[in-house]
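Following are the structures in question.
Two complexes follow with chain A in common, the first pairing it with chain B and the second with chain C.
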Partner chain A sequence: MKFAYFPGCSLHSTAKEYDASTKFVCGRLGIELVEIPNWVCCGATPIHRTNALASIALPAKNLLWAQTENLPVAAPCSECFSRLKLANLEVAENEELKKNVSEVLGETYEGNVDIYHLPQVIIEKIGLKEIEKKVAKKLSGLKIASYYGCLLTRPPKVATFDRIEDPQFLDNLVLSLGAESVNWAYKTECCGATFSLSKKELVLKLTNDILQNAYDEKADCIMVACPLCHSNLDLRQKEVEKKYKVKYNLPVFYFTQLIGLSMGADIRGLGLKRHMVSAEKLLSSKGLI
Partner chain B sequence: MARVGVFICDCGVNIASTVDVPKVVEYAMTLQKVAIAKEYKYMCSDPGQNLILDTIKEYKLDRIVVSSCSPRMHELTFRICVNKGKINPYYFEMANIREQCSWVHQKDKEAATKKAMKLTEIAVAKVLRNEPLFPLYSPVIKRALVIGGGIAGIQASLDLGDAGHETVIVERESSIGGRMSQLDKTFPTLDCSQCILSPKMVAVAQNKNIKIYTYAEVEEVQGYVGNFTVKIRKKARYVDMVKCTGCGVCTQKCPAKTSSEFNEKTGDRKAIYTPFPQAVPNVPVIDKNNCIYFLKGKCKVCEKFCPSNAIIYNQEDEVVEEKFGAIVVATGIDIYDHSNYGEYGYGKYKNVLSGLQFERMVSSSGPTDGHILRPSDQEEPKDVVFIQCVGARDPSKGQDYCARVCCMWTAKQAILLKEHLPNSRAYIFYIDIRAFGKGYEEFVRRAQVDYQVTYLRGRVSRIYEKGKKLRVLGTDTLAGGQVEIDADMVILADAMVPKYDSVKVAQTLGIPYDTYRFFTELHPKLAPVETVTSGIFLAGACSGPKDIPDTVAQAGAAAAKVCALFSKDNIEIEPTIAQVNFSLCSGCETCKLVCPFNAIEMREREIRRGVKRSIANVIESVCRGCGTCVGSCYCKAIDLRGFRDKQIMAELEAVCIE
Partner chain C sequence: MKWIILKDTDKKITGEVEKISGQVVANCYQCGKCTAGCPLAYAMDLGPTRFIRILQLGVTEEIKKSNTPWFCISCETCTTRCPREIDIAKLMDATRIVSQNGEFKPRELRIAIFDKIFTKLVEVFGRPPEFLLGALNNALTFNLFKDVLLFPKMFIKGKLPISFSRVNSKAVQQIFEKSKSR
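This part shows the complex of A and B:
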């Protein structure tokens, strides 16, 4: 199974471990990822808040190559996924926009590329049964709160998953890996996303709500599928604890890291040492490393 | 020598602003056998019709074409007009140059004008090959069937019975009463639902003209207006309706318990039961799936204790066939299953109730004897959150429509809460308040002012359990902020949705339904209780959410329509039906096989002197003129009057020849 891979800015910088673990897991599952050559920004918040045409033209620029190569696209970041798929939909539905975008790009973009979020590629295209077969070490005893954030299941027009407000697919993955899935209320609440840079206080409040609920529901750790979610929950956790005078110490994993771990990958290779909240104590207490 | 008159309507600006009508008139004048063509602003108006009548006289016309709107609008108008001018109404054709031309081609006037000319030409070609037809008459059976014994069915039956018409109610449950019997109080007057319903239930039972089949379902409907043949399955209730005195000893003694549907699964009932104390008829049924005798072959406690020997374990379903002249469909609604709202945690949280569950809780005949208690620990709740529009006005759940009653329903429930527990706090999350009925706005105002119910304009995004409480996260869009409430109970105003098997019912009856599966009226404004199938009428919420006043009004309207139908001894049937050419029919029976109305029978006929053969014969009163047999006939032996092959071919020629 071959995909055009769109890592986006985070996976080449703050979320290198997501990139590394993605490549490891996809390699094991027989998914070939070909990185889109000369990819550019996906058109994320700073752009779609300021320039409507550029916010469609930028993702379309990235999709042109996939269109030529006739490949489906896999995007590991929720924001990238949302922008790419939205651009695709809008261009397909709006002839005038298609004309304008094509004029900007100097090439006609048709809006007919298949775009998948990475969990979709792994859970839907490969299937949980295949993943279970590859599990070498069950993550027994680990209580995982699956965090979907905002853009993984929304807006429904773009994401087209069932159960928008109470998604289950990451929870099902958790069970396949032999871990326990935590039933909690904040799985689709907003983490504050890019406000992390412009309005940090807001992010600290939202992140605290999420961490608090996971903690109350007795989660050992949180699993995410988006680099922005990760940076807010992991990078800001110490600050949250300080501000709200609480102690959570909840490691935050990418779902690919946990799949990798269950497949027996080395924790250094999965980039587990790059996290701010150390996972080693938890993992060794459960006998997983 | 045929002389055709063509009349082209402007329909104000509807046609004239797109189609160049004078050009069409000019073109019509050039057509073969057209003696005169005229334009008028509103052909359907009295002056328009008079113009047609005068022109008929002046030009000695014998065939008429009107190019105007859809035949569904005014075919009958013009047929009557033409008949007044002493021309057979079937020497008339209508060209639809509005719905199928001017309205859809507004951007291309030239093409629209050309199309209007062509459509007129086609109608002229056909009218030249028309033949005079004369209406057929069919007797009306003056008995009405009412499907559903809720308040809609009860009201329609009472009105029909009082008018002296024999009426049969078929109700699926073991008692009539429907949804209204589940409610505690009714808005906006807060009178007890059961107290105002049960006199009507009793009146139905006492009315000599009304026969009630409870625990029965309509299985098959055949025939047509004035003459329906209906098969009704009377399910075995295992209790003798005649012998049973309704003493209730069997229910008392029955050892098998299961959750009560009437109480929306919040309480228990026995395996032999009546759904509620005021049941009509007050005869219990045995629920076979939960009866110990039916499951294990032993028990028979009810039989042992029954003082009147009314238990019949070997009773079987009985199918009866009856004839009716009209059918009133009053099958009612279900309540939206909010387990689709994962964010409201239904199924997981005991203290999140549906509106009907709350209704049963408040009712003195309900599982808690009218005490409002938190289901998880049977304590009195302090903070209760009501959420409106659950399964309504929510495109993300595929439920776009407004459920119409829950604004009032919720206000009423909040008032009931405050009446029962004056120290409690009630919060209502709403999108808009739609208090449109008489006394409704005042009622909501009372909830806000007199009962101090807190109204919060916004949706709830999440409910989760936190200790003994439910944390409710929502927005208050008026204050512009987020709201968090720690509630003891949450009541969801689940929307009215069509009955789970509404599609099957619609197919049995041959009536259409909409995208949500509600039955469709003939016209949403001008024919709200009729369906496209004449003789079948709608009452109550089966055609869309309705409150009790609207349901009762509609039931009365449906009954009045039936009375109007029953005021005639015979009804006219369109003569445009199939006709067999006996000399061509080979008797292959293909037509008989394909006819959806069973309107064809095989009959022995002498085709030449001494030669007899079995050939197809159309039963005129049953044939609906659909033309299926015409298409299927190998020998071209069947034709449809008014749509004969030569007429259709003439139309096609007019289309094809430039």
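This part shows the complex of A and C:
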């Protein structure tokens, strides 16, 4: 199975471990990822707040290559995925927008590229049964809170996975890896993503609420599928603990790292040493490393 | 309870917001579901429901001084749940765009400055270098020491590469230049 891969900016900087573990897991599952040549930023939130046309044209610029090569696109970041897919949908629905976007790009973008979020590629296209076959070491005894965040499940016309308000696909993956899935209330709450640099106090509050709930529900760790969720929950966790005078010490994993771990990859190769909240103590206490 | 005096109403901003977003604010019947689910409602002066009400009425002064559109984080909860299928997050985006087009001053300067820096970096580099984004944001918001304790740690962990390569910047500049004139 071949996909045009759109890693997005974070996977080349703050989330290199997500990139590395993605490539490892996809390699094992027979998914071929071809990185889109010279891809540019999807525009993320700041562009759709400031320039409506550019917010569609930037993702479309990246999709032009996939259109020519006739390949579906796989994006590991929720923000990139959402912007790419939304651009595709809006161009497909709106003739005038298609005309404007094509004029800005200097090439015609048709709006007919299939775009998938990475969990969708792995869980829906490959399937949990195939993953279970590749599990060499079950993650027994690990209690995982699956965190979906905002753009992995919303808005429904873009994120067409299972249930909007109480999604299950990551929880099902957790069970396939032999771990325990934590039932918690904050799985689709927003971490504050884009305000991390501009309005930090809001992010710390939202992140604290999420960490608190996972902690109260006795999770050992949190599993995410977005580099922005990871950066708020992991990078800012110490700051949250200091501000709210609490102690969570909850490691945050990318879902690809946990699949990789169950397939027997070593923790350095999966980039587990790059996290701010160390996962080693937890993993060795469960006999997983 | 807060009272709004209905004089000097003007639908100019509302009209522009509707045009940019493609939404019709009159469709809202004020059920309050958006505010109930909004993770930032606690920090907003009006919250989405009341903000849409002042858009409907065209209370220009209230629209200009509300922090509600600025605190919208685009998590899409309101848009997902709205029984009238209004894309509320898009209304908030459109309000900020109207402000940015010079109609009124941004109520939350720091958020507006961050958005500007991010946009400029995408325009120049194709992919915004995180290191520059953090540094410029600190400098331009007079908050030089914000997160400085995090930077060395991020650097050691390889999470903050200091590189300034440009990717496809000509094509990106063309996108920004051409889309500005519309």
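We take it that the second predicted complex is superposed on the first by the 289 of 289 C-alpha atoms of A that agree within 3 Å, B and C clash if a C-alpha of one lies under 4 Å from a C-alpha of the other, contacts with A are read in each partner's own complex, and residues count from 1 in each chain.
The rule we apply is simple: a residue touches a chain if its C-beta (ideal position, glycine included) is under 8 Å from a C-beta of that chain, and two chains touch if they have at least 3 such contacts.
Remember, predicted model here, so these are calculated numbers, not experimental data.
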Q: Mind working out whether A:Asp216 is in touch with chain B, chain C, both or neither, as first, second, both or neither?
A: first
Touching A:Asp266 in the superposition: chain B (first), chain C (second), both, neither?
-> neither
After the superposition on A, what does A:Trp39 contact: first (chain B), second (chain C), both or neither? second
Q.
Per the contact definition in the header, classify A:Glu189: touching chain B only (first), chain C only (second), both, or neither.
A. both
Request  = Using the superposition on chain A described above, determine whether A:Pro156 touches chain B (first), chain C (second), both, or neither.
outcome  = both
Once the shared chain is lined up, is A:Glu124 touching chain B (first), chain C (second), both, or neither of them?
neither
Partner touching more residues of chain A, chain B vs chain C, is chain C
So, does A:Ile164 touch the first partner chain B, the second partner chain C, both, or neither? both
For A:Arg274, using the defined touch cut-off, is the partner it touches chain B, chain C, both, or neither? Pick first, second, both or neither.
second
Contacts of chain A common to chain B and chain C in the A-superposed view 156, 164, 189
Given the complex, residues on chain B that touch chain A span 341-343, 348, 396, 461-464, 466, 471
The answer for chain C against chain A in the complex is residues 20, 39-40, 43, 71, 73-77, 79-80, 87, 93-94, 96-97, 100, 108, 110-111, 113-116, 118-119, 122, 126-130, 133-134, 137, 141, 146-147, 150, 153-154, 157-161, 167-168, 171-172, 174-176, 178-180, 182
Touching chain C in the complex, chain A uses residues 9, 12-16, 38-41, 43-54, 57-58, 61, 100, 103-106, 150-151, 154-156, 164, 189-190, 192-195, 197-200, 202, 206, 235, 239, 273-276
Seen from chain A, its contact residues with chain B in the complex are 156, 163-166, 183-186, 189, 213, 216
